[in-house]
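Two complexes are shown next, each including chain A; its partner changes from chain B in the first to chain C in the second.
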Partner chain A sequence: MTENALLSIRGLHTYFFPGKAVGRAVEGVSFDVGSSESIGLVGESGCGKSVTALSILRLVSRPGKIVSGEIIFERGGKKEDMLLLSEQEMTKVRGGEISMIFQEPFTSLNPVFRVEYQVGESAKLHLGIKGEALRALVMETLSGAGIKDAERVADSYPHELSGGLRQRVMIAMALISGPKLLIADEPTTALDVTVQAQILDLLADIRLKRKLSVIMVSHDLGIINRICDRVNIMYSGRIVESSPKKEIFSNPLHPYTAGLLKSIPSLSKIEKRLPAIPGNVPDPFDPPAGCRFHPRCQKAMDICKKTEPGETVVDGRMVKCWLYK
Partner chain B sequence: MARYILKRLLLSIPILFGISLITFAVIHITPGGPTVVQSQMNAKMSPDSIAKLKTLYGLDKPLHLQYLNWLSRLARFDFGESFNDNRPVTEKILERLPATLQLNILSLLLLFLIAVPLGVYSAAQENSVFERLFTSLSFVGYSIPAFWLALLLMLFFGVWLQWLPISGMASVNAANMPPVLQIYDSIQHLLLPLFVSVFGSIAGLSRYMRSGMLEVIRQDYIRTARAKGLPERDVLLKHALRNALLPVITIIGLSIPGLISGGFIFETIFAWPGMGRLAYESAMSFDYPVIMGVVTAGALLTLLGNLFADIAYAFADPRIRY
Partner chain C sequence: MELVKVQNIVKHFRKQKGMFGAFETVKAVDDVSFSINEGETLGLVGESGCGKSTLGRIIIRLLREDSGKIFLNGKELTALNFNELKPLRRDMQIIFQDPFASLNPRIRIGAAVAETLEILKDEDAVRKAAKMLEMVGLPSSAFSKYPHEFSGGQRQRICIARALVSRPKFILCDEPVSSLDVSVQAQIINLLKDLKDELGLTYLFISHDLRVVRNISDRVAVMKDGKVVEIADNETIYKYPVNAYTKELIGSVQETGKEL
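Then we have the complex of A and B:
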């Protein structure tokens, strides 16, 4: 779409091959992330959003495999397809140019190493600094992640810290080498609501300070609303709608997006029962024919059951739905 | 920590007591006895002299008195005297200990040096040809009985090829050899027993190591390490191995009693003059004091080994505090 995108994903297919079956977790995902832009990747559990995020860093583990597609990333003024890079080049991208933080701060830190070592490891690797300079940078980055007593935290083991602190440590670890893009995979899902808000504020703040591009993966539209400029709605391995944030909340195009918005509880009106989208996310090993959403869609037509809709552009927004053809 | 160690040591007293009581009961329930063994082949033994022997050994007293007697001597670190040659049990054990220690320490070292890297490597190569080969070979290695392998190797290297001596720790004339040849001679004697004892354990430990690594590799923090940009080698050898090695501490702790007890069958086959053979010989001749001595020493070391493992855990794993 845009010429000056930092990251362009085109036709990404990531499948899982346990035994003979094929699980089509990501099937033809394309989107762009501009410089200092924040993109939301939203959908229910199992829609392929996390696999998409992991695919960007080529961290999908067996039996998962990126089958086809392009992930074009701007490195040192040149655009390179990361799927063609050597594993050695990829290690420079990971943590150095693109960082990732994960959902579970409780299990995402290595239990046997101190925080200082784990945070510093990335800078040692990508910036080549060590000793006092490294320690100083670790302290600075920990403070930058909103940790007040950085010295104490640096000398702690992960199990000695609270969930919120651990996620701040994860964020510091991701940022220490100065990446251009941060991928956050449900970074607040495992945290208390108050801590969630603090972490989101921190991410919003850091994003502006560091002019960072962000891909925020979440099932929670409330979180997306606070951080993102543009939202991609994923369903069954595809992006079904891509719109600027303001428009997606005021005027959702895809029936699935509308369903997601309706299922957010509102404080202003008291509802007896929250409307939910009936049914479940399709099984990636046995998806329905036609539009993947049609069995759950209230507006489904005959054509939806037979043929999958292509991309339609409506007022500069992208949607995959027969309603707009 | 000191409190914890003291508590554990005090707790081991009743356990040791229980072990000795059970051992004592079992060896006395077993049919036969020292007087039977010593008299059945001798037609001249009269019932009268058998009774005298029993009095000599103190076997005519009620069982509970025999046990209390043994216990009261143990409290003074006195394991009693052997029925066979009337020498102190402590002396007999200390005499056999070096041979067993030499073999077992070497074999334990070799075992860890080979099995740990092997397990790690095969975990890193999951689903490769190497890993499949490793899995099938380790299954074979695990299944081969040590005594059978020992006999085959003795036949092959000792009898057919005549490269290696088949038994004992040294040649008969070793004492007259110059020191360099003496060392060469003992190495030659060591090779077969060492190989057999290491071979049997490699399969078990390396598979344990492999499954530990595979479990650790699936953890979230390994994904974090990869996302940082660490090369796969560092991910495995720094982040994964440190965690996968923790359970190995338990194995080391459990191996400590094995260091002195030796293999019964194993040492007997190779005529290795160690603790295992001592235990075997004393069991065959109903030498009660020696059996009790060997078992008690083994039990004590098992308890100490477990304690050692627990203490080592506290140092290796920051999550564990006592």
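Then we have the complex of A and C:
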């Protein structure tokens, strides 16, 4: 464990138990988030990104369950395992010390309350302020989220705002209590590209200003490139590579990372045939044995089919692949 | 040779603003003209609500225009009634974004693909459907299976087979890879390119993703607020965009290749 990590996840297992089957959505995930560090959690649908993010705040609902692991978070100078905290303590963490924003801002905003009330609620709860001081903080936070006419937006209902504005409101709501860690799950996926670019600029700016740690969940490596220092690549419930951004794009270690990068069409270079990864993303209820990527991997060896590779550390980077043993 | 010609197409919708707001007119398609040559892929890019899909649906006659004309192979489609259009349906097909919603869960794959031909009273429907499934890269066992037994990428292959089985000339691809994972998206883009070459198809390829459009298109049209604001060949529009909005779109793409 890194000494100065704000958050340290160790051996997290989160499973789903619908009926008899077991879905191993997250299986042995470990990673650190340093103070003021921005981490990307990338992978294709169903690989367990969201479940990992939700596990951190203990928001996984039935039939899902955190089966084992540690989630160590630094609170008031002390390191505490959040999986051992009481539910009452957890409500202080959620929205207070760790905030989360989701893909669809519309579903997380309550349609019948004005923006001012919703943004202020978390500050009331976690900071215990009210009245004029609260209103002033709401206006300041809305402006800080790049909202120019904060007064008008504060008086609006969610449906009166554009998608981009709603996402800015969500960001303000997440930040008003001054959390140390922000978890953003596909925060721009539902937005148009031009609006997406603006929101990413805002997040990049805010995280520097507030010295915020960020976990950015996305399927889009382009977005991760824009905002993260370090990238964790997930595949079938595991982190298969963890590398600083600089290195992962120029020299990916894991065959899956390499394949993923190549399959994204680029603006600057047109390839007649895109180098696609064959096959499909594995079903978490019926994953392949050995290395989960072996049926799609061009470099697969005999051992890959039988035994799962453990972690190998190469120049401060982590990879799970037999090629590096 | 010009296969599709779009001439001054206009389509307005009346929409209520908010829940209790006043009605306003939305100019979904606002005087759009262009043509697509045979064997060409025209990419149509723009953000949500800009009118891309409405325009696409008007072209393949799933929706009626307010005014303007559509020609296919020199024949004016906008002048034809439902019965007159019927034989021409064979020539125009559509591939949708959501391969989950566009397949009936209770119909076997083989039957779903053969259906178009059976409607057209083709006696060889079953054999042609099987052949088409093979062409899109599905195993022959797929023929008697149900949609739920397939992944998103495989379902999109099924939808492609269904669209191509009548050997159409023109395909409207409306966000065909938007709901797929990146690794699978690349497979489908490759497949669409191969089929185009093999079968001599012409595509109108609608997408909000400029990276995808740039990869597959010969020419690109940029749409905003119901208007085509710029149209040019792929290289030109990327290297020398003229319109301010085109420039903004290009600037908004988050690339992985270059260091930020």
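Basically, the second predicted complex is superposed on the first by the 323 of 325 C-alpha atoms of A that agree within 3 Å, B and C clash if a C-alpha of one lies under 4 Å from a C-alpha of the other, contacts with A are read in each partner's own complex, and residues count from 1 in each chain.
Going forward, contacts are C-beta pairs under 8 Å (C-beta built on N, C-alpha and C of every residue); 3 or more make two chains touch, one makes a residue touch a chain.
Just so we're clear, the structure is a prediction, and the values are computed from it rather than from any experiment.
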Touching partner for A:E140 - first (chain B), second (chain C), both, neither: neither
Contacts of A:M100 with chain B and chain C, given as first, second, both or neither: first
A:H159 touches, of chain B and chain C: first, second, both or neither? both
Partner chain(s) touched by A:D149 [first = chain B, second = chain C, both, neither]: neither
Which superposed partner A:K92 touches (first chain B, second chain C, both, neither): first
First (chain B), second (chain C), both or neither touched by A:L59: first
On chain A, the residue positions that both chain B and chain C contact, one per complex: 159
Touch list for chain A against partner chain C, complex: 44-45, 159-160, 192-194, 196-197, 200, 219-223, 225-226, 246, 249, 259-261, 263-278, 280-281
For the chain B and chain A complex, residues of the former touching the latter: 126-127, 219-221, 223-232, 239, 242-243, 246, 316-319
Parts of chain A lying in touch with chain B, wherever the complex brings them together: 57, 59, 61-62, 87-88, 91-96, 99-100, 102, 104, 107-113, 121-122, 125-126, 157, 159, 170, 173-174, 177
In the complex, chain C residues that touch chain A: 18-19, 47-48, 151-154, 181-187, 189-190, 193, 208-212, 214-215, 234, 238, 248-260
